[in-house]
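Below are two complexes that have subunit A in common, paired first with subunit B and then with subunit C.
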Partner chain A sequence: MLPNSNEIQYLCRGTADFELLPSLPKLTPFSQQACDFLAELSSEIMKNPESRQYPDVITFGFFCRKGNVSRLKEAYQGKIENRLGRGVSFHIAPSNVPINFAYSMVAAFLAGNACIVRASAKPFRQIDLVCECMNRVFAQDRFKSLHDYITVVRYPRSKEINDYFSSLSDVRVIWGGDATISEIRQSPLPPRSIEIAFADRYSIAVFDAKAMCAAENMTQIARDFYNDTYLYDQNACSSPRLIYWLGSEEEAQQASERFWTAIHESLQGKYTVEPVIAVDKYTAACRCAIDLGAEIKPWRDNLISRIRVSHLRADVIDYRCAGGSFFEYAATDLNALRDIITRKYQTISYFGEIKDKIAEFILSNGLSGVDRIVPIGKTADFTLVWDGYDLISQMSRIIDF
Partner chain B sequence: MTNLELYNNAFKEAFGVEEADLAGLEYQGIANWDSVGHMNLVSLLEDAFDIMMDTDDIIDFSSYEKGKEILAKYEKTI
Partner chain C sequence: MVNYDEILSIPPYSMDKDQKHTFLTGVLKELSAHHYENCEGYRRIIDGLSYDIAATESYYDLPCLPVRLFKEYELRSIAEDSVVKTMTSSGTTGQQVSKIFLDREASANQTKTLTKIVSSYLGSTRLPMIILDTSAIVKNRAMFSARGAGILGFQMFGRDKIYALNENMELDVEGLTAFLEKHKGEDIFLFGFTFMIWQHFYEELKKSGYRPDLSRGILIHGGGWKKLVDKKVSPAEFKAALRDVCGIQRVYDYYGMVEQTGTIYMECECGHLHASIFSDVITRRASDFSVCEKGEKGLIEVVSVLPKSYPGHALLTEDEGIVLGEDDCPCGRKGKYFSILGRIKNAEVRGCSDTYATKFK
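Up next, the complex of A and B:
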């Protein structure tokens, strides 16, 4: 029985009775119905004038468009024909990335599963907007029968509700951090069920100093960087914490001034720093000055905290702070990354023609972390392979014959 | 509808512009053709012509005229 049901807010209510979910027919990966539904959802999102205000919502709508889903399906040809979804998937989306719930749901739905999605409890408009679009699509006759497969909810912390949804799950997907993973793991899964957990991870940006000095469109660069960082209060796993300037001391100095001036301009009127975050950032900067001997660049206001270190200590990441706090380091090669990269590092975003150089560095040094190297502005772009997991394969089962 | 009409309609719908504004229109040349508007344009064009555009073509699609060249690759003569 579903406990505390009055604590649950339904943003998209599929089945009226969760107990019936396990007996729903499992879908094949990239089933025609699922692909058609996503194409329709994409149109609904792209046509909605309100979506334009939210680049993350538009990006999600763009991801779901027919052309992209067909392309994704093509990439799985030969790998999905004898598969079915595992059954019921239960998703615990992160509190800080509004649109993440939707990607998690789409991956599980495309793999052939029914989805119960717990969206962030924070009242992000993006979440309601996407759910309103979904509800309009499900209201169409041809998609009514699919609605049982998708439910999106919000609820405050509740072990009882977690217990209940977990007891129905064939797949549980937890988008960290580590504390959330531990908390959700208090709720048992049925014996055959699997779990995919995305733990806390950290990311870095490597910028070619010369390229930054020569860059023509600083407005675009600032917008890209904003989408990587401030859009998620710098709390996403893929948000860079450290800016690694590749170049001489002088070049790095010049490039960073140019870069941060553009960032500062772009933040005006767009981002506000809560007083508590301003205090956290200040405290973090002071700790870095004391413990790491960091140079704290003068603050014009509370928007950007720049912490310049002259060497990268292995534990530098433990001094991190969110909401616009950045370590900076400059060198003419990447060698210092060897000292800090562990499996806790996820994404390197870059600017300049240095992608191959970074990839070669990771591979030739056999580093245990960094799974993705993407251009600035693309850190949050979702792919069906995430954090080293192939989500479609993980969330479906093979019928061997 | 002719291919040209389909093509022009996608621009008009994506950016709220008039037929007369189309010639010479460039990415970031007007406020509505930003990265968000670009995604809108691409999905409208894909729907209108029933094609799947390659990522490189989506990135190279930098003006009203350039777009015609790109669609020619998908055997859509504008």
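Up next, the complex of A and C:
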């Protein structure tokens, strides 16, 4: 029985009885129904005038469009034909990224699962907006039968409710970091169920200094970097904390001046530094000066805090600070990354023709972290391979014959 | 080197803007050089910023240290064995506290400076004193922090002291009645922390109906307004409420912090906090740490001539305030006068009476 049911707010209510969910037919990955539903959801979102106020909603709508989903499906050809969704998926979305719940749900749905999604308890309009669009699609006759597969809820912290949804789950997906993971893990899963947990991670950027000096479109670069960092107060796990300049001292010097000048320009009128962030950033820089012997690069104002280190100490990431605080390091090779990269590192974003070099470095050194290598500007783009997991494969099972 | 005897012979509110600027720049520059020589943490920050102390032309340009660093690092400019006193900010279990290291000279100078500032309000004769706090505060070593130190520091302005609250934080009505009977017709000095006064003195008086006559009282209180802001009590309401329950007219707030003990900022008769010549406040914009205009809200930097045993002579606080004017307060005191708006949002909870207050939330 569902406990404390009056604490649960339904944003999109599929099944009336959660106990029936385990007996719903499992869908095949990229089933026709699921793809059709997403295409319809996409157009519902795109034609809603309110969506335009929220770039993240538009990006999600764009992700769900027919062309993109077919392209994603194509990439799985030959890998999904003998698979079915695992069954019921239960998602705990992060509290700070409004639209993340929707991607988690789409990945599970595309893998063939029914979804119970706990969206952020904060009243983000984006969440309601997407759910309203979904409800309109489910109201159409041809999608009515699919509605049982999708439920989106909000509820305050409650172990009882977590216990209940977990007890129904074949797959549990936890976003939101280490503290949430250990809290949710207090609720047991059935023996055969699996869990995908997205822990606290940190990311870095590797920029080819020569390429940066020669780059023509600094405005685009600045926009890309903004999306990687300031857009989420540099607080996303994919936001770079460290800029690793690949090149000689002089090249790095030149490239960084050029780069930060462009970033600074792009931040004008777009980003404001709250007093608490200004103090946090300055305090972090002082800590780095004391413990790491760092150089605090002077800048015109408090938008960008640059902390230049002459060697990368293993614990450098512990000195991080959000809101526009960056470690900088320069070297002609990637070797210093060996000293810092642990399983806590997620994304390397790059600029210049250095993708293969970075990938080769991670693979040949057998590093325990870094699951994604993406161009500058793409760190927050959702893909079905995330944090080192292929979500479609993880959330479906193989029928071997 | 800084000559404190000479400095402390200057009347606390006697210098105008230009005189004070020259004076503070000289002293603070010298202190910076001293800390650079003697405190490795400070040296690393100055080097990290590539700042040249010798080229300093104004104390406004000196790098200031974020106060939070004193919670995370043991910053001192004296040998470990010269430390005679380590002061800590109030903090509940689990919360980090500031640690401030004093040698004999620093400790003595704090007392002397506080005396100079406070006696310009109280006069130089010691008055009968009521401490609006519990007697347990200085007995209990575990509680001995900024609150205890504040009480000890202000005790020297009083005589024949009593605590208004017993060890169970209850009003000592009997003791107070006897004390007031004994000192009838005399001025009385009262001291306490703003929130404690509200919670345990004012609220109790209001409840009990006991109305002591403190019309000849002079109350000095500090420790911050955060918890009273939460209770929607303004400074004006605080004063009016106290007047209602005990007739007290003269109530002075002060602003100060354990990291710069001694150089407190007293509220004058016009309700403004004042910087003495021994210290100053600079309000800075969060966007670039540039100096705010008069009347513009900003982050508070405090500078003080006292910190010599630890590099706390220029500090960036986590408070916001407004400089209201300089040298022209109707009260006649020279120097800047200002108001404090409170802690910046989402910063760690600091302060003296504030940590106790969390229990009442």
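Operating definition for what follows: the second predicted complex is superposed on the first by the 380 of 401 C-alpha atoms of A that agree within 3 Å, B and C clash if a C-alpha of one lies under 4 Å from a C-alpha of the other, contacts with A are read in each partner's own complex, and residues count from 1 in each chain.
The rule is simple: a residue touches a chain if its C-beta (ideal position, glycine included) is under 8 Å from a C-beta of that chain, and two chains touch if they have at least 3 such contacts.
If you're wondering where the values come from, they're calculated on a predicted model, not measured in any experiment.
In the overlay built on the shared chain, the residue A:A331 is in contact with neither subunit B nor subunit C. With both structures placed on the common chain, the touch criterion links A:L367 to neither subunit B nor subunit C.
By the touch criterion defined above, A:A285 reaches subunit C but does not reach subunit B. After overlaying the two complexes on the shared chain, residue contacts for A:M46 are found with subunit B alone; subunit C is out of touch. Touch criterion not met for A:I194: it reaches neither subunit B nor subunit C.
In the superposition on chain A, A:I58 makes contact with subunit B only, not with subunit C. Counting residues of subunit A touched by each partner, subunit B versus subunit C, the larger count belongs to C.
Looking at the shared chain after the overlay, A:I181 reaches neither subunit B nor subunit C. Contact residues of subunit C toward subunit A in the complex are 41, 44-45, 47-50, 65-66, 68-69, 72-73, 286-289, 299, 316, 318, 320, 344-347. By the touch criterion given at the top, residues 28, 35-37, 39-40, 42-44, 46-47, 51-53 of subunit B touch subunit A in their complex. The residues of subunit A lying in touch with subunit B in their complex are 42-43, 46, 52, 55, 58-59, 61-62, 65-68, 70-71, 220, 223.
Considering their complex, residues 272-279, 282-283, 285-290, 293-296, 298, 300-303 of subunit A touch subunit C.
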